[in-house]
Structure formats: structure tokens, C-alpha cells
Amino acid sequence: MLRAGCQLLNQAAAVKTGSNNFALEFVRWRRKPRWLPVAKSKMFRVPERKKQTEEERTELMRLHNNYKTQLRSVRQYLREEVVRQQETSTADHIVLTPEQEEAEFQRCLDENAAWNAKIASERNVRLAEEREAKVAYVQERLEAAKLRSEERREKVDERIRYEIEQAKTFITRESLEVAIETALANPVDHNYAIDLEGNMYRGR
Amino acid sequence: MSLLRHFRKLSVEHTRRTLAGSASSNTRQYDKDPQPLFTDAETQRLLQNMTQLQLDKVFRKRTVSDNSTETKFMTTAQLEKEFLQTIVKANKLLQMPPVVKVKEDAQDALITKDAALKDFADTKYVFTDITFGLRNSERKVVVRDVDGSLSYASLDTRKRMNQLYFPLDGRRSYTPRMFSKPELLQRCLEEHKYEFVLDRLTVQYEPYELEFHQISARVFEHLMESKQFDLLRSTRHFGPMAFFYAWHRCIDDLLYDMIRQDYLHNAVELIALSYKIHQIPVDYKQTLGQLDALQPTPGQRALAELRNCLKKPQEQHIQDDIQAAIGKTEQDFAADEISLKFIEEYIGGEHALKKVQLELAVQTLKELNLEKLQLYQGLKKAHGVQASSS
Amino acid sequence: MLPLARAFYSSVARISRNNRVALHTASTLRCKEATVVDNEAPAENSEESGSDASPPDGKDRTKVIPVETSMRYLKSAAYRTTYGEEFVWTQYRRNHKGMYAPRKTRKTCVRQGKISTGNPCPICRDEYLVLDYRNTDLLKQFISPYSGQVLSYSKTGLCQKSHLRLKVAVEQARDCGLLTYDVPFREYDYSEYYGKQEEPIQLKS
Amino acid sequence: MSLSPASGIGRFYKHSAKIIRFVRLGCANRPFYHIVVMERRKNQHQPVIEQVGSYDPMPNESNERLVALNTERIRFWLGKGAHMSEPAAELLGISGLLPVHPRTYMTAWRNRRAAAEAEAAETETSKVDTA
């Protein structure tokens, strides 16, 4: 009977899910899916109700009432216990008294101050060194610049002296007439040739 | 099924009864609580000194699944530190099993009794508290019986539950046949497997159990007959053994062995222990004080031995050589004299039982000592070592 | 493998410690050709005992050998001539194809009361080696001196069945106290037994 | 099937309903239960929040049923407002940690009544036999 039902179910399942997985499942757990109707043999079966006598029912009622009341109070107690535990527990953190906390803070402050002092002294030394180094550098640069400018001035002076020396033979407006006269008086003929021995051959 | 169970229970009870019957008839038991005397600091010191500390024996190679060793390079300072740690470790390994009296099941075990719960189930329920971090002794185990009574579990059940939920390494959930069958135990004893039996006993039983007392008493008594005390020397069981002998006034065999092996200091300590336990008005503290001043404790001796291997051969003084050859120093000779006097006093007293034997042993030892002393002095003179230098 | 051992043992257990058969058994044990031994067996038997009508089958393992005999055998001269000072498994080599032996040894050497293989394992090849918890001399040969555990079958070459029996026997022997082992160290917490906290005992070191 | 560790790997919402209940482990014809805390809506084979005990319903060789309870954690979770399934509540009631559950009383009196009836039937039949 069950097997027949099973086949039926298989078909139904195949239609419904379109896969074979579902069918495999109730090879062991053969159970009726909810969407299938009640089996024919069980159609008119009326489930028997367990009879419960009146006194048993009242007794149970009384017991349950008792139980619930007791459990409620126990729960209340446990809830308070948990809260208490959470407040007083030091399981996951460190608890300190105010004095200890103050002392801890003071210790931290002291330590911080000590660190600061140490670092400050170190820094002062370092800054002084740096300043000195900078001064020395600047000094050096200044010296170098001075030297350089002096050198330049000397060069310029020399040039000027040379130029002045040169300027003596220049033709000025006053000596123009004389120069023309001398030029006219001494014409220069550049129209000549020189052979390998240095003999000059004047033309014209 | 239930029939089988019944049979099994019967057989268990039967073996227990036979063991108890056979053992209790001829073994000595502690008549009152030995704990205050055992935990006393002086007693502990005496017992530890008697146990001695032989590093080779304590750290012998064990056949356990992991017995790997580690090799390291170390500076001398590190090595020194390691030496000290070694001594501490050895002392830990020599921790004596506690001596306590037999514990009975508590009389007021019943917590509540609810008559309305009668027949709520066909078997009883055993509840074990497995809260993390509890010790085995403070863990609560309660039993709800079929008649509805809630009570604390018996010691037997407690042990079973502790072993089930928090197993102790090496302990069996059943009684090993070695302990349940007297003939097997007898065979072990005859093969002189004392240390094995006692080791297994400590693991299998709690010190307050009746079986622990019976079996250990049996081992100690057998040891008294076979006189193989050297097997237990420098193990954790030597202290309880000496304590057992001192308690039951049968130290003579051990004493004889100690004199034979030339452990006079230990012999004095043993006598002192028995005086202390039985409150015999003999002043032993003075002698002990003198001896302690003259001779090092076992820990110091072991440490010296460790350090000795660092010494280079040329560093060895000629006096050390002489001492090594004879095995005794001048202080040892002085200490021997004091202790021999004390021991002879004991032998002369009414507490010694095997006087003739002991006297003979003392006499031979004296002669031997005299010879050694003469040899020592002769050697010293020959090498030109001055007497005052030591 | 040992057709003569039994024929010989029926007599040697009683009297003769160093007769010719014992030596012969020892030599044949090492040679692997069981067939040769089979051929020789009846001849030897007829020579030695003469009274035995049918030659015993060397591969037969249906006869139960008592442990006491085995224990006596392990102490006998015949055992010493056979194995010398070595363990019973040291001379044994497994036969296998290729370079590497299969990871597991064979399941069993004895099928239907007969040795079913040409190279039975060290226990199965000598029927006077009986695995039993009382036979401590034999069991000790299979225990590692370093770790205290039962040696693996890859080392000893025991068949799986013998190995299982070996392990059971060792466990039983330990339970009975016939074999000693290093018991795990148990550290005591004194306060657990003495209630209050004792001051730690000072050790001068 | 791999077991989840006792500390549990189950994920849960802070305010979801938790329940102390059994999880059936063991195999066919050999029940064994873990007592666990898990979200109420979840299936018993899903990861649990925490295991707080175990229960072996089959009597052992000395005819007792063994229960292990981590009382500290049970108290914690009850204080946190966890519910209890009925069998778990019964068990905790029997252990003396909580008040005894009414159902336990009910089984007790039903068992007693059944025993009395069986005995009565026994005497009846014996009477008939002797007569």
C-alpha cells in the first residue's frame, strides 16, 4: 500500500519539483506530503482522545499554577543574580577603586612628564646643534660670497685699466683733423702680394 | 538484561569484599587521623631528607609517547639558573602522595525527600555539575532516587562521575585486575615491582579510599620482608613508607638497611620521626640541628653534583681527590660520630625490636668508618694537606 | 613453515633439549622454501620418531597450543638456536611487488585452520608462539623501549589479525600487572585533601 | 556528522527568544542528548549557542541515568530569560535546581496507579487459581 502510495508520491514530486532529489528522500522517510489528501483507509478514522478525569485535571491545574509561580520567582532571583554578576564581575575588565584610579592617573601623569622632560632635553641639544651648524654654514657662504665679489671687482678693475690704456690712442673730435691730415699724408696701399720668401710685390 | 546487571553488581561487590576481607585481616591501618602529623613542616622536612634526591633516578628516561630532549647552547649564568630549576622540578616530581585517613560516606547525604515523586522513573538519576573551573573535590554530584529522595552521591559514585566527565590520565573506569585479584598483586610484589604498583595505586585510587590504604599497607609490609628499600629510595613513595613504618613502630628493618647503606643521617631522622610520632620524650632536635649544620640537604647535594660536572679536571684540589676516593669528608666523619651515638642510644632503649641485628650492623659500620678515617688521614699526610685547610 | 617444530616439540617438551631436529628446524626456519621443508618433513619424522603413522601437516593450525608450552618454548634452547638473541620479528621480511610494501600487512595468515600463504607473519609461522597476556616474554619483544607503545605492524610485519591479538594481549597484561609501564605522573593538590591552605613546604636548595 | 564545540558556533540575535532544550545525538535505537541553548525558532540540528550539559537516557550498568549540567551557565541563561523545553524543565526539576515540574508528578502518580492495578490483577488471578 505504502509502496504504491510512494510511487504516486514520486510522480507527484517529479511533477512538482522537477527533480529526483525529493523522491530519494522518502526512500527512508516515507511520509505523505501535506498536499496529498487523507489516505482512503484513514478517511473515517476518528482519533481517540485521551480521557482525563476531572480530579486529575484540577490537580494538574493546581500544580501548574504552583510551578509557574515558583518558577517566576526563581527567574526573578536569577535575573537579579545575572545583573549583580554583570555589575560586580571582573571577568573581562580590570576594576579599580577611585584611589587606585587616582594613583594610576598620577603615575601616568608623572611618567608623561618624565617622558616630556627627557624628550625636551634631547630636543634642546639637537636644536642647539642644528643652530650652530646653520650659523657655521651661513658664515661659510658669506665668506665665499665676499671672496667671489672681490674677485669679480678685481677683474673689472683690470678691464677698466686696460680700456683706459687703450683709450689713449683713440681718435677724438679734437684730434680728428690731425688724424685726417696724417692719414692723408701717409696713404697706405694694401694692394700687394707676398711670395713664399716674403718679398713684397707692389702693384699699380 | 537486568539479571545480567545484577550478576555484575554481585561480582563487583564480591571481589571488593574478598579484597577488603583478605587485606584488612592482616594489614595495618592508621587508627586515627595521621594528617596533622604528616603535614607538619618538620615531618615533611624529615621525610624529604630521607627520600634523598638522586637526579638520575628522578629524571630517568621514561617510556612515554613523547620523551624528546632538547639541546641548547647556554652561558654559565643561564646554566646555573637551569640547575636551580632542575632541582625545583625534581622536588615537584618527588611530591609525596598525601596520607589521610579513610573517608566514609557522609551520613547526612539526604537533601530532600518528595514522597509524591515516588516511582517517577524506573531508574535513579545522577546529576553532575560540570561547571568550568571547579576542582574534583568541590564538584557537586547529586542522586535522585526512585523513591523521590534527592541526596548527595556516595564517594564511589562521585569518583565514577568525576572520572567519566573529567578523566584523570591513567585511571581506569574499572578496577584493574592487578588490584582486584590478590594473587596478581602478590605476584607483582614478588617480582619487586613496588614502584609500579604504588604509582598505579596513586593514579587509580584517591588517597582517602580504603583500597588505597590496604594495598599500600600491603606493599609496605611486603617491602619490610623483602628489604628492597633501595627500589623506593628517591621516589615519591619513600616518605609515606617511612611514615607508615614510624607510625606502626616497625622501623627496625628500614633502619638496618639505612645503617648498612651508610645513610646514618637518614637513620637518625627516621628515629627522630618515630620519637615525634609517638611523643617519646627524647631530645632529638639538638642532634638533628648539629647534623643539619654539618651535612647538606639532598637538594644542595644534587646541586653540587650538577655543578661538579662543569669543573675542569685541573681545578680539582688534591683534597677533593682524596675525598672522592674515600667518599667522605671530614665533616661527614664528625656527623657520623654524632649520629652513631644517637643510634646506639636508640638501640639501647626499649623501642628497638631487633637489637642484635642492629648492633652488629652498627659495629661493622664503625669498623669500616675507622678504617676509612685512618686511610683518609694517611692520604692527607702523604699529600701534605694541612688539617686546618678543610 | 615449521612442520618439524611440532613433531619435535611433542617430544622435546618432555626431555631432549638439543637433539638434531631442533637444529634442523632452526635452519629451515630461515630458508623460505616451504615446499622443500614439506618434502623433508616425513622423512625426518620417520627417522626420528618412527611411531607417527601419518606425517603431520606443517600448515595445520587447528591444534591449540597451551600458553604454558609457549612460555617454556621461549626459554628453551631450541628457541635460542632458532632466533638467537634477536626478536622473533627481526629476521622477517615481507614479500611484495615493486619497491614499496603495501601500507597494511595482510589480513590474516591462517584461513580455515591452515596457513594460506607462503610467507606467514612472525607469529603465525611459528605455532609455538602464542599471543597471550601471560606470555610476557613474547609480548615484551613487541614493545618499543622508547615510547612504550606496541610496535607498528609496518615494522614487525605481523598480519592484522595477529596484531590485533597482540594489542589485546598487551593491554590485558598491563591490566594484570604482568607488564610494567610508566604510569602517568599525578600531581596532588594538597589543599584538596587537607581542606585549608597549607603553607608551601620550604625546600632548601 | 561533525559536532559543534561546546562553546557553540550558533549565531543569534540579542533579543531573539532562546531556549534550553535537548538535541538528539547518538544513533538509531541509542538516544543521547545534549542539553543546549539555542534560538527557539531553530531546528535542533542547527548550530547551537552553547552546550550546557548532556543526558544519557539509557541506564548504565549500575542502573542509573547520567545527567551532566553546567549549572553556572544554566543559571545565567535562565536569568537572561531563556525558555525551557518541557523535557529539559522536567530534568532540571528532578535535579533539584528548579521546582519539580508538574508533569513529573503526573508520570509518578500514573506509574504508581498502573503498578497498583497490575498488582490487583495479579492477586485476582492468583485467587482464581487457588479457588
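All chains are identified by letter, namely A, B, C and D, in their written order; residue positions are counted from 1 within each chain.
Just so we're on the same page, contacts are C-beta pairs under 8 Å (C-beta built on N, C-alpha and C of every residue); 3 or more make two chains touch, one makes a residue touch a chain.
Because the structure is predicted, anything quoted here is derived from the model rather than measured.
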*Just how far, in Å, is the C-alpha centre of chain C from the one of chain B?*
38
_I'd like to verify one number: the distance from the centre of chain B to the centre of chain D, where each centre is the average of its C-alpha atoms, in whole angstrom._
47
*Just how far, in Å, is the C-alpha centre of chain D from the one of chain A?*
56
_Cα-centroid distance, chain C relative to chain D, in whole angstrom_ = 51
*Find every residue in chain C that makes contact with two or more other chains and list them.*
none
*At which residue positions does chain D touch at least two other chains?*
100, 105
*Residue numbers in chain A touching 2 or more other chains?*
none
*asked:* Quick check of your reading of the touch definition: is the inter-chain graph here a line, ring, star, complete or other?
replied: line
*Please list, in label order, each pair of chains that touches.*
A-D, B-C, B-D
_Complex interface listing, chain C residues touching chain B_ = 144-149, 175-178, 180-190, 192-194, 198-199, 201-205
*Of all residues in chain B, which touch chain C in the complex?*
35, 39, 41, 44-45, 48, 62-65, 67, 84, 87-88, 91-93, 95, 97-98, 100, 135-137, 168-170, 172, 176-178, 181, 184-185, 187-188, 193, 196-197, 199-200, 202-203, 207-208, 297, 299-300, 302-303
*Okay, in this complex, where on chain D does chain B touch?*
53, 59, 61-73, 94-96, 100, 104-105, 107-109, 111-112, 115
*Over in the complex, which chain A residues touch chain D? Could you list them?*
56, 60, 63-64, 66-67, 70-71, 74-75, 78-83, 85
*asked:* So in the complex, the part of chain B that touches chain D is made up of which residues?
replied: 2, 5, 8-9, 111-112, 114, 116-121, 123-132, 140, 142-144, 148, 150, 157, 161, 164-165
